[in-house]
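Given below, in the form of C-alpha cells, are the structures.
Two complexes come next, and they have one chain in common, subunit A, joined by subunit B in the first and subunit C in the second.
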Partner chain A sequence: MTTEAYLQRAGEILAPFAKGTNNPESNRLDVQIAASDLPAAASALTDASWGYLAAITGMDHGAEANELEALYHFCEGSAVTTLRVRLPRVDCPEIPSVSGMIPVASFFERELGEMLGVTVVDTPDASRLFLPDDWPDRVYPLRQGFKPEQAASIQPNKTPEPSKAGNKFIVPIGPQHPALKEPGHFEFTVDGEIITGARMRLGYVHRGIEKATEERNWIQNLYLLERICGICSHTHTSAYSQGVEKLAQVEVPHRALAIRELVAGLERIHSHLLWLGVVAHEAGFDTLFMYSWRDRETVMNLLEELTGNRVNYSICVLGGVKHDIVAEHSASIHKALDFLEERIRYYLDIVTSDTTFLQRTRGVGTMTHAEAIRFGALGPTARASGVTRDIRLDAPYGAYKRFPVSLITDERGDLEARFVVRMKELLVTCFTIRTIVDNMPSGEIAVRFPRKIPAGETVSRVEAPRGEAFYYIKSGGGESPLRLHIRTPSLCNWTSVINKAVGHQLADAPMLIAGMDPCFSCNDRMVTVRRKDDMKTLSWSELREYGIKKYGQKK
Partner chain B sequence: MTPLTALLSIMFFPAGLTLILSGMLYEWADRKLVARFQNRIGPRWFQPLADTIKLLTKEEIKPQGLNYILFYGLPIVALTGALTAALYAPVLGLPPIYSFPGDLIVTLYLLSLLTMCTGLAGWNGSSRFSVIGATRSFTQLFAYEAPFLLALLGPAMAANSWVIKDVGVYAQTHWMIFTQPVGFIIALIGLMGKLELPPFDAPEAETEIVAGALTEYSGRGLALFHIGKSVELVVAISLVTAFYLGGIGNPFLFLLKTSVILLMMAMLQSILTRLRIDQTVGMWWRFGALLALLQFLVMVLLKGWLA
Partner chain C sequence: MNISQNYVDQIIQKISTWARVNSPWAIHFNSGSCNGCDIEILATLTPHYDVERFGIKLRGSPRHADVLICTGPVTRQARDRLMRIYEQMPEPKFVIAVGSCGISGGVFQGCYNVEGHIDEVLPVDAFIPGCPPRPEAIIDGVIKLLTHIQNGTRPALVIKPGIKEAV
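What follows is the complex of A and B.
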C-alpha cells in the first residue's frame, strides 16, 4: 500500500470519532478527537492492525490558549496518523488510558502524567518514571510557566520510604550494579532462582533536555541533542536536522545526505559491536567481550579520522554536514571494513556455534511475532521476532532511497536470533558503506540555513541502531523550538523485557535486559533537582578540608 | 616431631607463608594466562600480593544485624582449613609432612571447608546477593563434590591405599592419566568447580549477584577468604598432579606439571561461557557423576578379576 492509501484507510477507520481532520504534510494525517473517544479510536486502529503507537507527545499551549494537548502518533510505513486530544489547562485534566490494548503506552502515559500533570485514568502504573522521587507534587516541568531556574528553589518532597516487600524475596538490580553500565533500577521478585515478577524505574540520568531545547536556539540544540546518547549520537542529530530542514523547507545536498548515511552506518557498527561485548559479559563470556571491543576500536578510529571525534562526531549541521569525505578517506574506509567484515563473520559463527554460549541464548527470552507486535518492540529486537519494521526501508529518509539497505529478520525470537540479526545487519551495513564510498554523489556538502524557522510542526523518524527514534518538532516561527519531543527505541522495548522476564532464571535477567540493547541515557532526558538547603557546592579545597576533618576524627 | 617443628611447619614451610606466597604466584599465573587468552596485558607478577596488602590495610566494614562471631570467625576457619590440608598434601612435589591412614578423606573434607565457610558467610549476611550466592555455593558443592571425590579415590584404589603419601609413591611408576583418563578430566573440571572459576562462577556471577556470598565482606575478612582460595588452588592442583601425573618427585618437574594443569584451566576459563546453576548441577549429575561412577565400577571389577 502507498502512503496515501494508508492515510485514506486511517481516515476511514477514524471517521466515526473525528471532530476535524487535516493533512499538514503529505505523509501525515491529523485527526481531532474528544478525550472520551480516545480508547475507542485507538482500539479501532489497533483492531484494524493499522500501524503501532510510536509516541504520545504532551504539549502545553500556554496560558493564553489555556489548553493542553496530547498527541497520539500512530505510524505505518511512512504514514503518520496523529490523534489530537485537547484538554483544559487545569491542574489535573483527565484522559482515558489506552494501555489496555497497547501495553507500551503505559510508559508514555507515565511520562505524560508527571511532565504535564495530566491524570491518565485507569493507567496500570501511575508512579513516576523519570522524575526523582523527591520532586514536589503538582510541579510539572513541561508546562509553559515552569522555568528550569525554579528547580533550584523548590522545596523537595521527602524521599518516600522504600516499599515493604512483605514475604516476597526481591532482588534489586541497580541503580548501581555491575550488570548495568548506566543507572536504572529493576526489582525482580524471585522464587528460588525463578523470576516471578519484575518492575522497573528510570530517570537516574535525567537531564531535562527536552525542556532545555525550548530555551536554546535551533543551532545550539543540535549540540545539546547530540549529547543525549554517547552511542547513537549521530542518530539524534540527524533526526533533528532532518526535521528542522523539513520545517525550514531547505533542500539538503545529496552528497551531505550520503555522508550522513555513511556515518550512521559506522555508528551502527560501533554500537552493535559494543552491544555484543556487553551481552557476552553478562553471560560470563569475557573473552568474546574483550575481542569484540578490541575490534570495535577499528571503527572508532575510523570515525575519528573522518570526523575528528570518536563519540560525538558532530558531523551534522543544519543544512548539510560539517566535513567532507574525500578520495583519501575511501582507502582507509575500505581497509577498515575488510578487517571488520572478517571479524563480524567470525562473531556470527561464534554466536551460532559455540555450545556453552548457545546454552545461554538459544530458546531464552523467546518473543513470538504476535508478542513483539503487541509489546510494540522496535529495531533488531523486533526484527529477531520476524517483525518487518525498519524505518530505513519503510520510510526511506535521507540517502536511503539512493543507497538502500536490505532487511534482516529472523523468525525465532530468542536471544540467539537477536545476535544473528544484529551481526547480519552489520554485514549489510558494511556493504552499503562501500557502495556509498564508491558512488559518492558530487556537489556541495552544506547549504546556508536560516536562523528563524517558519511556524509549523513535523515528525522526523530515523532508524537508530536500537530501533526507531521518533522526533516531534514544533516551531512557532522563532529562533528556538516551541516543543521538541523525543521517543527513543529503548523506551518501547522495555515492555518486552519486563513481560518476558517472568518465568526465567535470575541468571537470564541481565541478559534479557542487555538483549534489547537498552540505552538509559536516551530514555531519561529531563530534570535535575538541586535541593535548597541540604546540598551545596564544595570547592576543591573545601572538599579536601571536609575529607581531612571527617577521617581525621577517627584517629 | 616436636611441637616447635610442627608450629614452624604450619607457619612457614610447607604450609603457612610459603604456601600463601606460592598461592599468590599461582593466582598471578592464572590471571596472566587468562588475560593473554583474552587479548589483554594482564597484571604484573606482584599484583596478588599488592591486592592482599591493600585489602589487609583497608577499613573493614561491619554490616548491621549479623552474627559477628561467624562474621569474623568464618574467614579464619576457611584459611585454617586450607592451610591444614596442605600438611597432608604433596605440595611442590615433596612428600607430605604428616600422614596417617585415611588422610586422603580428611584432606578432601578440609578442602571443602572453604566453600562451606563461604556459603555460611553468605547465609549470615543480610544482603540478598549474599543469600543467593550462598545458596548457589552450596548447590554447586553438592554438584561437583561427589564426582571429584570419586575421581581422587580412583588412584587410591589402584594404589591400594588411602594414604596420600602412598598413592603419590605408587603414582611415580604409574601415570594414571593414561589408565584413568576419565578420572583425570573429572578431577580437573571438579577443581575448577571447587575454586568457582569460570564457567562455574555462578555463585559469584557479578552481573547477577555482584560478589555472591562475599558481597558484604571487605578488608581483612575478604583478604583471608582470597588467601584461602589461592592456598586451596595450590593444594588441590598438587593433589591432582601427584595422583595423575607421575606422583611425588622432583620439585622442578612437579612445578612444570602443575603449570601445565594451570594452563589447561586458564584455557577452559577463557573459552567457556558461565553456566547457569541449573546447568551446572545438570552437567555434573548427568555426565560427571555417572562417568566417575562408571570408571570406579570398572576399576572395582578389574581389581576383583585380577586378584
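What follows is the complex of A and C.
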C-alpha cells in the first residue's frame, strides 16, 4: 500500500472519533479526538493492525492558550497518524490509559505523567521513570514556565521506601552498570530460580535534554543532541538535521546525504561489534569480547580518518555535512571493509556453531512474531522475530532511496537469531558502504542554512543501530525550538525484556538484558537478594559467574 | 638484630606503594554521561590499547578498587550512588574524572537534572579533558596519576565546602 492509501485507511478507521482532521505534511494525518475516545480510537487502530504506537509527545501550549496536548503518533510505513488530545492546563488533567492494548505505552505514559503532570487513569505503573526519587511532587519540568535554575532551589522530596513484595523474593539489579547509556534499575521477582515478574526504573542519567533544547538555538542543539548517546551519536544528529531541514524547506545536496548514510553505516558496524563483545562477555566468552573489540578499532580508525573524531563525529551540520569523502578515503575504506567482512563472517560462524555459546543463546528469550509486534519491539530485536520493520526501507530517508539496504530477518526469535540478524546486517552494511564509495554523487556537501526556522512541526524518523529513533520537532519561527521530543529505540525494547524475562531462570537475566538491549556495556552492578530478614549481596560479576557456572555444570 | 620500628614502616610503605603503582584496580561509574567516554574507557582496556599491561584492571566492586574513574556530569539521581561508591572504596583512594562533562558539566550545563561536575561532589585527583578523550589521553592521565603516587607527590586536593560532610 502507498502512503496515501495508508493515511486514507487510517482516516476511515478514525472517522467515528474524529473532531477534526488535518494533513500537515504529505505523509502525516492529524486527528483531533476527545480524551474519552482515546482508548476506543487506539484500539480501533490496533484491531485493524494499522501501524504501531511510536511515541507519545506531551506539550504545554502555555498560559495564554491554557491548554496541554498529548500527541499519540502511530506509524505504518512512512505514514504517520497522530491522535491529538487536548487537555485543560490544570494541575492533574486526566487522560485514559492505552497500555492495556499497547504494552509499550506504559513507559510513554509514565513519562507523560511526570514531565507534564497529566494523570493517566488506569496506567499499570504510575511511578517515576526519569525524574529522581527526591524530585518534589507537582513540579513538572516540561511545563512552560519551569526554569532549569528552579531545580537547584527545589526542596527535595523524601526518599521512597524500597519496594516490598510480601513473601516473594525481589532481586534488584542496578543502577550501577556504568557503560550503559540508560543505567536502569531492574527488580526481578523470583520464585526459587524462576523469574516471575520484573519492573524497571530509569533516570540515572536523565539530564533534561528535551528542556535544554528549548533554551539553545538550532545550531547549538546539534551538538547537545549528539551527546544523547556516544554510541549512536550520528543517528541523533541526522534525525535532528533531517527534521529541521524539512521545516526550513532546505534541499540538502545528494552528496551530503550519501556521506551521512556512509557514516551511519560505519556507526552501525562499530555499534554491533561493540554489542557482540559485551554480550559475549556476559556469557563468559571473553575471547570473543576481546576479538570483537580489537576489530572494532578498524572502524574507529576509519571514522577518525573521515571525520576527525572517534566517537562524537559531528559530521552532520544543518544543510549538509562537514567533511567531504575524497579519493584517498575510498581506498582506506575498501581496505578496512575487506578485513571487517572476513572477521564478521568468522563471528557469524562462531555464534552459530560454538556449542558452549549456543547453550546460552539457542531457545533463550524466544519472542514470537506476534509478541514482538504486541510489545512494540524495534530494530534487530524485532527483525530477529520475523518482523519486517526497518525505517531505512519502510520510509526511506536521506540517500536510502538511492542506496537501499536489504532487509535481514530471522524467524526464530531467540537470542541466537538476534546474533545472526546483527551479523548479517553488518555484511549488508559493508556492501552498501562500498556501493556508496564507488558511486558517490558529485556536487556540494552543504548549503547555506537560515538561523531562524519557519513555524511548523514535523516528525523525523531514522533507523539507529538499535531500531527506530523518533523525533518530533516544533518550531515557533524563532531561533530555538518550541518543543523537541525524542523517543529512542531502547525505550521500546525494554518492554520486551521486562515481559520476556518472566519464566526464565535468574541465571539467564544478564544475557536476556544484554541480548535484547544492545546498548549495554560493562559489568559493575550490585545485586541485592532481599529476603524477609537477612540480606545477601551479589555483585554483577558474581551473578555473571553464577550464570556461567550453572551452564558449565550442564555440559 | 637491631631494626627500628621506623625502618620497618618505611619498608612496608615502599612495598605498598610499589604494589599500588603496579596494579591499580579501577572501578568505573557513569553518573550521567552520554556513553562516549565509557566506550573509550572500555576500548582502552581491550587489546588495541591494552591498559592491562600497566596492571590496571576494571573491577566490579568498589571494595576491590583503588581508583574511581568517573564519567559524565552528576545527575540528581546518580549523586547519591556516586558518593556511596566512593565511600565503599578502601583508603587510599583516587578519583579520575574523564571527559569534558566530568570537568565542567560540558554541554549539559544548566540542565535541570544536572547537579554539576564531579569536582563538586568528590575530590578529584586527575582530570582528563576531551569529548570524549582519546584512549591515548586516558592512558596518559592514568600514568600521570601513577607517577604522582609513586613519587608521593599527590597533588594537593581542592576540597570544596560541603564535600567533606558529604563524603
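In this text, the second predicted complex is superposed on the first by the 510 of 555 C-alpha atoms of A that agree within 3 Å, B and C clash if a C-alpha of one lies under 4 Å from a C-alpha of the other, contacts with A are read in each partner's own complex, and residues count from 1 in each chain.
As a convention for this text, a residue touches a chain if its C-beta (ideal position, glycine included) is under 8 Å from a C-beta of that chain, and two chains touch if they have at least 3 such contacts.
In this text, all values refer to a predicted model and were calculated from it rather than measured experimentally.
J.: Thinking of the overlay built on chain A, is A:E282 touched by subunit B (first), by subunit C (second), by both, or by neither?
T.: first
J.: Quick check on the superposed pair: does A:E193 touch subunit B, subunit C, both, or neither? Answer first, second, both or neither.
T.: The answer is first: A:E193 touches subunit B but not subunit C.
J.: On the A-aligned overlay, A:V90 touches which partner chain: subunit B = first, subunit C = second, or both, or neither?
T.: After superposition on chain A, A:V90 lies in contact with neither partner.
J.: I'd like to know which partner A:Q359 touches here: subunit B for first, subunit C for second, both or neither.
T.: first
J.: With both complexes overlaid on chain A, does A:M290 touch subunit B (first), subunit C (second), both or neither?
T.: both
J.: Taking the superposition on A as described, I'd like to know which of subunit B and subunit C A:V121 touches: first, second, both or neither.
T.: neither
J.: Could you say whether A:A509 touches subunit B, subunit C, both of them, or neither, answering first, second, both or neither?
T.: first
J.: Comparing subunit B against subunit C, which has contacts with more of the residues in subunit A?
T.: Per-residue touch count on subunit A favours C.
J.: Once the complexes are superposed, what residues of subunit A are shared between the subunit B interface and the subunit C interface?
T.: 178-179, 290, 294
J.: Under the definition above, what is the set of subunit A residues touching subunit B in their complex?
T.: 169-173, 177-179, 190, 192-193, 280-287, 290-291, 294, 354, 356-357, 359-360, 505-510
J.: What residues of subunit A sit close enough to touch subunit C in their complex?
T.: Residue positions touching the partner: 131-135, 141, 146, 148-151, 175-176, 178-181, 183, 203-209, 211-212, 215, 223-224, 227-231, 233, 274, 277, 289-290, 293-294, 296-297, 300, 310-312, 519, 521-526, 539-542.
J.: Which of the residues in subunit C end up touching subunit A in this complex?
T.: Going through subunit C, the ones touching subunit A are 27-43, 46-48, 58-61, 71-73, 75-78, 81, 85, 106-108, 110-114, 131-132, 134.
J.: Looking at the complex, which residues from subunit B come into contact with subunit A?
T.: 37-40, 128-129, 132, 135, 198-199, 201-202, 205-210, 270-279
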